[in-house]
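Mind looking over this structure? Questions follow.
Chains: A, B, C and D, in written order; residue numbering restarts at 1 for each.
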Amino acid sequence: MIRVLFFGPVAEQVPAREMQLPFSAGMKLQDVVAELSARHPQAFEFVSFTAVNQTQVRDLQLPLADGDEIAFMAKFSGG
Amino acid sequence: MIRVLFFGPVAEQVPAREMQLPFSAGMKLQDVVAELSARHPQAFEFVSFTAVNQTQVRDLQLPLADGDEIAFMAKFSGG
Amino acid sequence: MSEPVRIQEEDFSQEAEIAELKASSKRIGGIATFVGCARDFSEGRAVSEISFEAYGSMALAEMRKLRDEAIEKFALLEARIVHRVATVTAGDNIVFIAAAAEHRAAAFDACRWMIDELKQRVPIWKKEITPLGESWVTPHP
Amino acid sequence: MSEPVRIQEEDFSQEAEIAELKASSKRIGGIATFVGCARDFSEGRAVSEISFEAYGSMALAEMRKLRDEAIEKFALLEARIVHRVATVTAGDNIVFIAAAAEHRAAAFDACRWMIDELKQRVPIWKKEITPLGESWVTPHP
């Protein structure tokens, strides 16, 4: 399974802050983004950063592994 | 009278941290500097700033008034 | 001793943080700190409360990295970063940053760098609750 | 309430100073502080004690002017300057500077400006007492 997390303004545009996606061999970050942004286009308007396993990732071609944690995040506004 | 104060490294080169000089009409800061630097040349090697009545003064031609307080000070090193 | 990098709901004590910082070395000549507080006005709107949300595990990892980088980059003797994730009102503390160095220039540079970088890199979000409703804060460039 | 500008023998409490600063306004978004401490080494020499001497009346007047100028120049909401005149040992506090502003840039700029100016303008002198004797500190340019 892939664990998907949404935060801040992004989370308000999806039904749940957290969801699970089935993992399949050869899966890339791009596949998850494509599927979820089709399902929740409004949420993805707020996405500025994506992290895989708590590290920011810019390359959508990143191969995923079973058990990965992906986070979709709006611009940070802490501090 | 003119009250004269010495501070920090300057004070260590004079017999007392404080002295009184008689005031005379027309007296200028220059007169006090000339008299004291002749008496205590080592002290005046350390003098970087002079204040009259708690305000830094650069113009040695400043006329003095009876009761003025003059301070001879080395470079500051607080903070 | 508390951890030098923390995310917590409760308030922090500057005195306690600085005491721990100072306990780390007798070579500290200067400590620069920054405290971010909740204001009652933001862009002209009255704000009653501010609530924070964090991606906790990533935020903590980023804050630790930030501290390590600051210590290395500015040759600090010690540094601390504490961020609250709570609902706060005007005057309440939000974030504490401290940098201790032999001399003041490095302490100031590092403290400022850490808060600037924190705002860029640490996944925490701020929502302002006003009498007219709630809104997420959009950071300025 | 304590005076925002003070010269004193006793130690200060950052917590108390910051609390008074914060009590002055609900618009404060950032507070930058600087604490100068005594180090056990200076230019490679071990230092056992540091003693301070001030031209008290002028030092206080200059520090008050400095605070007024900083508030004006950086549009601060509040500022505090406390300098100890005492004999201190490694780790002891010497000086406290705080600047509170709506936003952090002004707070940092003002805090740094105040300590830089204090060193230039305020008649206080520092003598280091080492195992080999005493010497007045000569400030670097």
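General observations
Going forward, contacts are C-beta pairs under 8 Å (C-beta built on N, C-alpha and C of every residue); 3 or more make two chains touch, one makes a residue touch a chain.
Quick caveat: nothing in here was measured; it's all calculated off a predicted structure.
Shared contact partners of subunit A and subunit D are C.
In whole angstrom, the spacing between the mean C-alpha positions of subunit B and subunit C is 48. Separating the centre of subunit A from that of subunit B, both taken as means of CA atoms, is a distance of 73 Å.
Centre-to-centre, using mean CA coordinates, subunit A is 26 Å away from subunit C. The residues of subunit C that reach two or more other chains are 36, 115, listed in rising order. Every pair of chains meeting the touch criterion is listed here: A-C, B-D, C-D. Those residues of subunit D lying in contact with subunit B across their complex are 36, 52-55, 57-59, 61, 83, 94-95, 115, 118-127, 136-139. Note for the complex: subunit C touches subunit D at residues 13-15, 18, 22, 26-37, 39-41, 90-91, 102, 104, 107-108, 111-112, 115.
Partner subunit C is touched in their complex by these residues of subunit A: 5, 7-9, 11-12, 49, 51, 54-55, 71, 73-79.
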